[in-house]
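Next up: some structures, all given as C-alpha cells.
Presented sequentially are two complexes of chain A, the first with chain B as partner and the second with chain C.
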Partner chain A sequence: MAICAFLVAGFAIAIMLILRGTENSLRLANDRLGADIIVVPEGTTTKVETALLMGNPTEVWMPESNLAKIAAIPGVAAATPQLYLSTLNNASCCSVASMFLVAYDPETDFAIEPWLESTIGRGLSLGEAVGGTYVFVPEGEQNIKIYGYFVTLKANIEPTGTGLDQSMFLTFETAKDIARLSPELALQPLIIPEDSISSVLVRLAPGVDPMSISAEIIRQVPGVTPITSPNMFQAYRQQMNGLLASILLVLGITLVLSGLMIGLVFSMAANERRRELGVLRAMGATRNFVLRSLLLEASILALEGGLAGITFTVLVIFLFRNLIMRSFGFPFLLPDPGLLLIEISVGLLLALVCVTLAAMIPAYRISHMEPALAMRE
Partner chain B sequence: MIQLDKVSKTYWMSKENAIHAVLETTLEINRGEFLIITGRSGSGKTTLLNLIAGLTRPSSGRVLLEGQNMWSLTDLQQSQLRNRKIGFIFQFPSLLPSLTALENVLLPTIFSIDHVKEAGNPRARELMEKVGLIDKLNAYPRQLSAGQQQRVVVARALLNQPELLLADEPTSDLDEQTETEIMEMFRQVHLDSGITIVLVTHSTQLVSYGTRSIHMAGGLIEN
Partner chain C sequence: MKIIGAVLIVLSLVVAIAPMFTDCQSQGKAIVLENGKTVPMKCHWSGVAELMVAVPLFVLGIMFLVNNNRMVFRNLSILGMILGIIIILIPTNLIGVCANPEMICSSVMRPILILCGILVVVASSVGLWLSFKKQDQPV
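Showing the complex of A and B:
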C-alpha cells in the first residue's frame, strides 16, 4: 500500500515539477530577453526559439536595414539588433564545447546592458563577455578561447533553466573582432555576413498593442516574422500541452490502478486482522472506532509512502535535471522553495486521498461486520 | 439477568444451504450463576454464547440483558454495554502481539469513560497479581506460555469489573494441570465477586466447577 502511495505521490510531484519547471523556465527566458517582440527572418522561428531555449547554436540572417524600418514604425519605443553565432565544436581553437553566442549592440541594447550596469557597473568592453549560469572559464586558464580569440568572462547571469544558461553574450565589436582575426587564429573562420543581423528585439511604447505592431512589421518589412512576447515559445507550449494531456491520462490510469491495488491489498491486510478487530469490538470498540483506526492506518501508510516517493522523485529530478531537460527537449528550472513546498503538499494530499478512498470500502465492510463473524476462521 | 426467548441463529451458506446453529432456544441465566454449557463441536454452544454477548444478531427471537433487548440499542450503546458489563475470554489467542501483558490488560479502558481509564492502571496491576503474573507485566504475549496468556486474558476480561463473564472454551488449548489452574481461578473469581459466568466447553469433566450446567446438541439445549 505504501508502494502505491509512493508511486502516486512520486508521479504527481514529477508531473507538477516538470510542467511547472518548464513553464517557469519559459517565463524567465521571456523576461531575460526583455523584449515585447522579437523579429526573426521568416521561417526561422522554431530555430531561434530552440536556440534560445535549448542553447542549440543556430545562425540565421536578415538584412541590417530591417532594423531602421522596424525602429521607424510608430509605437516602437526601442529596437536593437542581435547576432546569433556559434563556437566550433571540439576544435582546439575553442576551449568550450559547441556554444550559442549572442552578440548585441551596446548603443541600442535594452536587454543586457541594464543588467550589466546593475551587476558590474558598466557595459562590456572589447574582448569581454557575460555567460549563462553554466558558462565558466576552463580549469587552469584565465580566459575562454573562441576561434583562437581570448574572451574574458566578466559575470554570469542567474539561471533560467533554458539554453541561455549555456550561452555567452558579447558585444558586436567583440564578435566582429573575433570574425576578423579568426581566419588566422582558428581552424575555421567565424563568418558574419556583411550588413546582416540575426534578429531585432523590439520594446513597445506603453499602451501599444503588440499584435497591431506585429501586423505593421509584417506589412512594412518583408521576409521577417515577428514573435510577440505572449506567443514566444508557442511551439514549445503547444508541445507541452500535448505532453500534459498524455501525462494526465497516464496519471489517471495510475490513480485508478493504484486505487484498485490499494483496495485489494488493504482488504487482504484487514481480513488477516479480522479476528483482532472482532476482539476489539467485543471489548467495546464501536464500528466507527474500527473504521477510523483502519483509515488512520491507511493514512499513515499513505503519508509514509507518499513522503518517500516525493523525496525520491525530487532528488532524482534535482540531480538529473539537465539530463531530463536534454532528453525531453524542454527547458527546466526548479521552482523556488515556497512553490516546491506547495507542490509537495499537493502530491501528499493526492496520495492521501487516493489511499484513503481506496481503503474506505474494505475498511467499512470489515468495521460493519458482526464481531462474531469477524472472529470466525 | 439474561433471557433468551425462542432464539434461533441460521447461517446461510448459499440460497439453498443453511446451517441452523441455534434453534428456538429459550434460556434464563440468573445473576450470580456460574453456568457451564457443554456440547460437541458444532453443537451451537459458541453461537449461543455470541448471541448472549450481542456479538451476533439472532435470526429470530429475543436476547434480553437485564430486560433490555441488545439489538434495539444503537452501535454506540451496544459497545458501551459490552465494555462496561461484559468480559470476554476467547478460545483462540486474543492478546495483541505488539502490546505487553499490562497494555493488553488495559486495552478495554481505551473504550471506557474517563474515571474508569484513570483507575485502569492500578486495577490492571492488582489483577495481574491475582492471576499470578505480576512479574510479567512487561512481557509480550510471545514470551508467555499458553496458560500465562490465558491468565492475562482473564485479567483483561475482569478489568472493567463486568457483571457478566463469558468464556468460550478457555482451556481447550491447555494441558490438564493448567486447565485445572484456570478453572480454579474462575471458581475463585466467582466466589470472590459473585459475578455471573457463562462458560462454554466440550469437556463434561468441567461441569463440577459451575453452579449449573446445560448440554447442547444440534443447536438445541438437551436438558
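Showing the complex of A and C:
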C-alpha cells in the first residue's frame, strides 16, 4: 500500500514539477528578454524561439532599415536591434563549440544594459561579454576564445533554465571587431552581412495595445513577423498543452490502477485480521472505532509512502534536471521553495485521498461484520 | 539488516560501474595538449576515485550479510554513512566533473553518484537506527 502511495505521490509531483518548471522557465526567459514585442524576419519565429529557449544557435537576417521604420511607429517607446551569431563547432579557434551569441547595441538597448548597470556598474567595453549561468572561462585560460579573438567574461546572468543560460551577450562593436579579425585568426570567418540585423526588440509606451502595434508593424514593415510578449514561445506552450493532456490521462490511469491495487491489498490485509477485529468488536469497540482505526492505518501508510515518493522524485528531478531538459527538448527551472512546498502538499494530499478512498470499502465491510461471524471464520 | 547489506552491494556496483560508461573518456573526449598528446578530463579521475570507494562499500555490504552482532552493525552503519558522504563529495567538491552542463559526466555521471551517495547514507542510517531499536531482539 505504501508502495502505491509512493508511486501516486511521486508521479503527481513529477508531473507538477516538470510542467511548472517549464512554465517558470518560459516566464523568466520572457522577463530576461525584457521586450513587449520581438520583431524577427518572416518565417523564422520557431528558429529564433528555439535559439532563445534551447540555446541552439541560429543566424537570421533582415535589413537594418527596418529598425527606423519600427521605431517611427506611434506607440513604440524604444526599439533596439540584436544580432544572432554562433561560435564554430569543434574548431580550436573557439573555446566553446556552437555557442549562441547575442550582440546588442548599447546606445539603444533597454534589455541588457540596465541589468549590467546594476551588476557591474557599467556597460560592456570592446572585447567584453556577459554569459548565461553556464558560460565559463575554460580551465587554465584567462579569456574565452571566439573565432581566435579573446573575449573577457565580465559576469554571469542568473539561471533561467533556458538556452539563455548557455548564450553569450556582447556589444555590436565587439561582434564587428571579431568579424573584422576573424579571417586572420579563425579557421572560418565570422560573417555579419552589411546593413543587416537579426531582430528588433520593441518596448511600448504605457497603455498601448501590443496587438494593434503588431498589426501596424506587419502593415508598415514587409517581410517581418512581430511576436508579442504573451505569445512568445507559443509553439512550446502548445506542445506543453498537448503533453499535458497525455500526462493527465496517464495520471488518471495510474490513480485508478493504484486505487484498485490498494483496495485489493487492504482487503486482503484486513481479512487476515478478521478474528482480531472480531475480538475487538466483542470486547465493546464500536463499528465506527474499528472503521476509524483501519482508515487511520491506511492514512499513515499513505503519508509514509507519499513522503518517500515525493522526496525521491524531487531529488531525482533536481539532480537530473539538465538531462531532462536535453531529453525532452523543453526549458526547465525548479520552482521557488514556496511554490515547491505547495506542490509537495498537493502530491501528498492526492496520495492520501487515493489511499483512503481505496481503503474505504474493505474497511467499511470488515467493520460492519458481526463479531461472532468474524471470529468464527 | 540483510536487505540493507544487499542494497549497499548493489549501490557499490553502480558507483563502481556507472562512471566507466558516463565519464567523458568513455565518449572519446579528452584534453589535447599543445604537443598533441591527450590526457583524461577530471571526470575520469573522479570515476577512478569512486571505484576506490566502491570496493570498501562492497565489502561492507557483504559484512552486513554475514554478521549478526548488533555492535558490528552499528559500526558498519557509521562507516557506510562516511563512505556515502565521500561518494557525494568526490564529484562535487573533492575532484569534480567537467564544468559544461551539456557533457555526459555533468548531466548523468554526477547525478547518479550523488543519488547513490544519498541512498548509501539513508540505508546506513536505517541500519544504525535498527541497531539501536529493540535491544532485546536479534537484528
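Definition applied: the second predicted complex is superposed on the first by the 377 of 377 C-alpha atoms of A that agree within 3 Å, B and C clash if a C-alpha of one lies under 4 Å from a C-alpha of the other, contacts with A are read in each partner's own complex, and residues count from 1 in each chain.
Here, a residue touches a chain if its C-beta (ideal position, glycine included) is under 8 Å from a C-beta of that chain, and two chains touch if they have at least 3 such contacts.
Everything quoted here is computed from the prediction, not taken from an experiment.
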{"item": "Which of chain B and chain C A:21 touches, first, second, both or neither", "value": "neither"}
{"item": "Chain B versus chain C as contact partner of A:10, first or second or both or neither", "value": "neither"}
{"item": "Partner chain in contact with A:309 - chain B first, chain C second, else both or neither", "value": "neither"}
{"item": "Which superposed partner A:259 touches (first chain B, second chain C, both, neither)", "value": "neither"}
{"item": "Touched partner set for A:287, first chain B, second chain C, both or neither", "value": "first"}
{"item": "Touched partner set for A:134, first chain B, second chain C, both or neither", "value": "second"}
{"item": "Larger contact residue set on chain A - chain B or chain C", "value": "B"}
{"item": "First, second, both or neither for A:210, with chain B first and chain C second", "value": "neither"}
{"item": "Common interface positions of chain A, toward chain B and toward chain C", "value": "none"}
{"item": "Touch list for chain A against partner chain B, complex", "value": "275-276, 278-289, 370-373, 375"}
{"item": "Contact footprint of chain A on chain B as seen in their complex", "value": "47, 50, 53, 55-57, 75-76, 79-80, 82-84, 86, 88, 90, 92, 94, 96, 107-108, 110-112, 156"}
{"item": "Residue numbers on chain C that touch chain A, as the complex places them", "value": "99-102, 106-108, 110-111, 114-115, 118"}
{"item": "Chain C-facing residues of chain A, complex", "value": "96, 134, 136, 139, 166, 315-316, 319-320, 322-323, 326"}
